[in-house]
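I have placed the structure first, in the form of structure tokens, so that the comments after it can refer back to it.
Order of writing sets the labels: A, B, C and D. Residues in every chain begin at 1.
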Amino acid sequence: MAKQKNNNRSKIPSGYHSDDTGKRITWIEDKTGFNYKDSPVNEPEELKGIIENHIGYMKIPMAIAGPLQLDGHYAKGEFYVPICTLEGTLAISMTRGMYASSVSGGIRVRHVKQELSRAPVFIFDNLDDSIEFMSWVDEHYDDIKKVAESTTQYGKLLRIDQYPVQNYVILDMVLNTGNAAGQNMVTLAAKVACDYIKEQTGCEFILESGFNSDKKASARNMIMGRGHTVLAETTLTHSVMKRILGIHSKDVEKFQQLGPTITTMAGTSGCHLHIANALTAIYLATGQDTACVAENSIGHFQTEPVDHGMKCRLTLPSLTVGTVGGGTRLLPQQQNLELLGCQNGEYSSRKLAEIIGASALALEISLMSAIASDTFAMAHIKYGRR
Amino acid sequence: MAKQKNNNRSKIPSGYHSDDTGKRITWIEDKTGFNYKDSPVNEPEELKGIIENHIGYMKIPMAIAGPLQLDGHYAKGEFYVPICTLEGTLAISMTRGMYASSVSGGIRVRHVKQELSRAPVFIFDNLDDSIEFMSWVDEHYDDIKKVAESTTQYGKLLRIDQYPVQNYVILDMVLNTGNAAGQNMVTLAAKVACDYIKEQTGCEFILESGFNSDKKASARNMIMGRGHTVLAETTLTHSVMKRILGIHSKDVEKFQQLGPTITTMAGTSGCHLHIANALTAIYLATGQDTACVAENSIGHFQTEPVDHGMKCRLTLPSLTVGTVGGGTRLLPQQQNLELLGCQNGEYSSRKLAEIIGASALALEISLMSAIASDTFAMAHIKYGRR
Amino acid sequence: MAKQKNNNRSKIPSGYHSDDTGKRITWIEDKTGFNYKDSPVNEPEELKGIIENHIGYMKIPMAIAGPLQLDGHYAKGEFYVPICTLEGTLAISMTRGMYASSVSGGIRVRHVKQELSRAPVFIFDNLDDSIEFMSWVDEHYDDIKKVAESTTQYGKLLRIDQYPVQNYVILDMVLNTGNAAGQNMVTLAAKVACDYIKEQTGCEFILESGFNSDKKASARNMIMGRGHTVLAETTLTHSVMKRILGIHSKDVEKFQQLGPTITTMAGTSGCHLHIANALTAIYLATGQDTACVAENSIGHFQTEPVDHGMKCRLTLPSLTVGTVGGGTRLLPQQQNLELLGCQNGEYSSRKLAEIIGASALALEISLMSAIASDTFAMAHIKYGRR
Amino acid sequence: MAKQKNNNRSKIPSGYHSDDTGKRITWIEDKTGFNYKDSPVNEPEELKGIIENHIGYMKIPMAIAGPLQLDGHYAKGEFYVPICTLEGTLAISMTRGMYASSVSGGIRVRHVKQELSRAPVFIFDNLDDSIEFMSWVDEHYDDIKKVAESTTQYGKLLRIDQYPVQNYVILDMVLNTGNAAGQNMVTLAAKVACDYIKEQTGCEFILESGFNSDKKASARNMIMGRGHTVLAETTLTHSVMKRILGIHSKDVEKFQQLGPTITTMAGTSGCHLHIANALTAIYLATGQDTACVAENSIGHFQTEPVDHGMKCRLTLPSLTVGTVGGGTRLLPQQQNLELLGCQNGEYSSRKLAEIIGASALALEISLMSAIASDTFAMAHIKYGRR
């Protein structure tokens, strides 16, 4: 009974009345000590660098999901995650997944690398020139690195991978971009580096070859990653599966068996259910460039029956998120970063990436359960649109 | 000089001061007769079916892009397109592409089909059962159709494609969903159809096989389309290319030559630059489910030199957008649909799809020009973040 | 003991001495009543339509694998499969897989469809023309069908799927090609059909768009199939797994868990081990166009633990094989078709496709076992090159 | 007239009579000084390591294509290429492409790298273990390299790329395999390296993860290459295009415009026409493992109009060929390697790879011409089967 009470207190207050919203704000403060402010707003003058021709603000409904218990390298403890969505069921579904994993001991999550690439391409008249060029680049790597890094205080050039194809040589310039998502940082670094190379060699280039696949999911990014790479795992207990998720191992196994074959056949970017939903919801709430979700919706979701329950795992090779720059500095977005404790700190963008990875795993778990228990359609009828 | 004046009047007033915003609102009214209201807001009670656990609204900066001159099957005339973004340069870049195409005679755009699928999967013990099942489904198509359509007023089952693989048979149920984006509509229709089939045949199913690749880009959707399929084309004149876009045919050709090879190598969903940007910006402004951008970011962008300039084309096989249901009914989103004349009408969702397709083409043209003229990095330094 | 004896008699005699080869020829006759002739050879005059500039014959080592116990729709009973290879271990590995499945009750295999496509493309100046064209094709389907089929006695046009993309309309013409592999049949049918369409509409075309992906694996062919589509399954008993394959369920499950994720990451055409090996070996032996293996190496191989052992399944969506035309009429190739009972009969090409599908499953099972039991490297050291 | 005579002498004698074959043998001797022997044959005893259960030899028709004028890094001068095929038109088509490029000045071809990978996978219980493991491997690289190279005289470990995904860490071990195709070499090196790692760390592995995609085309291999990577280019003159290939720049451009879009849509491994044909034909003739064609049929073929004609380019990222080991030591296969001057020499496998790359380009050029000039169907009717 003590446990029951405890459980109730750990659940976000529900309801659609105005004072329910108030109760949730209070509840967050109760849980985190964080005083959530209603709708701070920026002055138009502050939108330079964010948007041109602005005419106002779009109001996207925002909710809270949690608690999310994390054992990460950068993100540790309990989190309440702000999300924006128009899809009924998403907030309660993510909350259910978070709750199920928290009761089972939480989610272990590891940031494994941070590599943002920009890939200019040099163009040649004949093969001899392109092969000579490749040697030149290898030999002058240190000089190129110095030039590239001259444009940024935090970005570090990690390497340049060369790909010869037809009469082109792609230079895949890979940077650690610190706490910035970093797309503009790598563009600028690549630009000055290529200008330098052109000056020294006389070779012509185009700054964007498409190889880095900015804002597009790709095989390259599934294999090599782009931005942050995050791995997450949790082990659901049998009791949690039955009580909270309404599933049995057997149903899940059936689903796990067919999923990879059919998604391979369909040709999706990895076998997962809907990581775009978690990413979009958190990106919107935390000032990320939401168009990057198209690029970042690559992942591998998998379940494995174990003695005491079921392991669930998610690999996200490409999360191009940051905690400085761009929309992160706007007032309401900044407030959400603060709620997550990601507004500053040496590795705040990695911490954010770990929170996103774990939240996405939680949402995958919940939808997987809905499908395996055949309650998916009914949940959408109850909570969803149309 | 008269022309200069004319041009100025056709350009959106710029500037970051508060009264610049006011000028733009007035300018829209001037151009369209539409009185744009500042930030209408819904009551929490109205968010049922949209979001749970809401704690407020996120304010996403909104801008206007245009004018966009369209010769569509459903969308005809001049449009001013509301967009939401945090990426500096996006609004002026889209506006530049729209302006360039409008001055060149506008964009021709055609909605070619509307097919939303949901693909449940039936599971069998042996091959004989699955082959027998496939015949049963073919023979009982009319009954299944009747059951499926019983759940929806507007949705029409167009066909069921059967895919046998291993011990599974995928039923790809394809519906015309009218003005709704339709994901929930097809889920429900598929659910009752499968319940019926199970009742009649005793065969077990899982409602979501992953084959329809909801919220995920896929080969299936690139080939067959999902939602609306839209094709757009425009012919830029040499004068427009030089004066507005700062490019020469020769530079563009060089870029066109290498693009498809390198994106094929990277493995992106088609050869394009960043259609996710246009889609995200308009989806946010018009109440679409933005997570669908991950699924819809499939496209083919191409340029072809012609005598009088350059043809630019874009094919978007999958736009899962709607004008009724979900977030479209919220006040600020609804207002933007009204601005586009998509708030009602028999084919308003097709009209919206045509506007989105043409806007995406305009944005592709502008970024392609920035890359081909090597002004891409500098534009982001001037207007962008970091 | 009686069983042991029986087993020995059912095993192909081994050894590398000249008279071992003789023993195997005798053994085949003993088993099948088929008198295998040594190296029949065609006269140069008979090579018209097969090769130009010929200078002789390459001798590719040929072996026999089996017995293969089949329960197919077209292929029933025991088969001894001729294979050609230069890869040490392949013949004994395939034989081991066949033997393991035969002892377990054989392989169930089903030919599910036969659809060979050729996809010409029509080119348009603007979108209106292409949309009008699509209607025209739909309306004149019967006429087009008549013209296409006028070029072939056995080929039947099943449908024309239209794909509009950019300023193109792809016509995917799908034919049943009878017992011929059919590539030339569909080329000719498409050619006269397109000439007719051009004559009637004035629209220009290119006969090969690349969409049918002749001689290339593709997403289109994985999804829709090309040529014959075949599904195969067998259930290995625990005893067979332990005694013949040296594996335990647990090892196989571990392998099955990681396979689909990692092949998805690598981006192969389906999750399988090496179906190219089985296809190449049988194609060479039976007069197929071996270059088609590149196109046909698409497949889904999967294991599933069941109470009494392990189910193994293989789906091959694209087998472009035939029993008439091309190299099938040469003497040694024809002899091998006879050994398989595929030299004639209304559905001999479907029978051959079933035999190939089952043989490929057998070879997958054997290599999977070698990997799961960690004997893979050692087997190649013992039997393989270098 | 002198030129005409010269041309005739440079053309392979045609005809299907027995003495035409003799004339061609004489002609080769005349051209190359090489005395081509009729059908040497190995004794069964010599087939150890090549095939088990052998019952004889399959006779595959063999032809000669050429002359092929090469400016390679390893292959220089004029070559006559032995090919095996059952597809009518292939030999004359390849000869036509070789002739057209030779008259235009030959083909420039460059071997750019040689990297064969085998990718075992280690399996972990939790993320902390896998991350610790990755550090261990980095720190002990030199030891692992020593162990791996202890198994081979010629193979050199170039690097180990680590890919963490779910609870797995893939070790992509990349070797230079000298003149061997090297699949068994890398298997053995990986096996002892993994045994060593397991011994030292206690971590479990599976030797084949599927990531290296042996015998399967893949995104990984398109991006990173596997085996030899070769680039080839030639510039056809207007006169050659018209006279020998029957094409005009305009037709080719039309085809070049649509090719990449449509093959991207189909999802083939690169945009090319049929490199599997050239690869299969030469692999069969030179003792390569023909099943590798499925893996190696990745490529980018492209044309570009230039002032004096048309540039044609082909990139082949993955050619797993060798000149020692396996079937290369059999008598008729060895004879063909000798004809190409690839039977020995420090870099004979690279030389062979360059010859194959250039031959594939020649065949692409010829088929492209047949399609662009709409003579494709008729050529197959004249020379082809059925």
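One rule holds in what follows: contacts are C-beta pairs under 8 Å (C-beta built on N, C-alpha and C of every residue); 3 or more make two chains touch, one makes a residue touch a chain.
Note that this is a predicted model, so its numbers are computed, not measured.
Contact with both chain A and chain B is made by C, D. By residue number, over half of the touching pairs seen at A-B are also found at C-D, the match among C-D, A-D or B-C. Averaged Cα coordinates give chain B a centre that lies 42 Å from the centre of chain D.
The distance from the centre of chain C to the centre of chain D, each centre being the mean of the chain's C-alpha atoms, comes to 22 Å. Touching two or more other chains at once are residues 163, 165-166, 219-220, 222-223, 261, 263, 265-267, 271, 300, 302 of chain D. By the touch criterion stated above, chain B contacts chain C in their complex at residues 108-110, 112, 126-128, 130-131, 163-167, 219-220, 222-223, 229, 231, 233, 267, 300, 302, 311, 313, 315, 317. The part of chain B that touches chain D in the complex is made up of residues 219, 222-223, 257, 260-261, 263-267, 270-271, 300, 302, 304.
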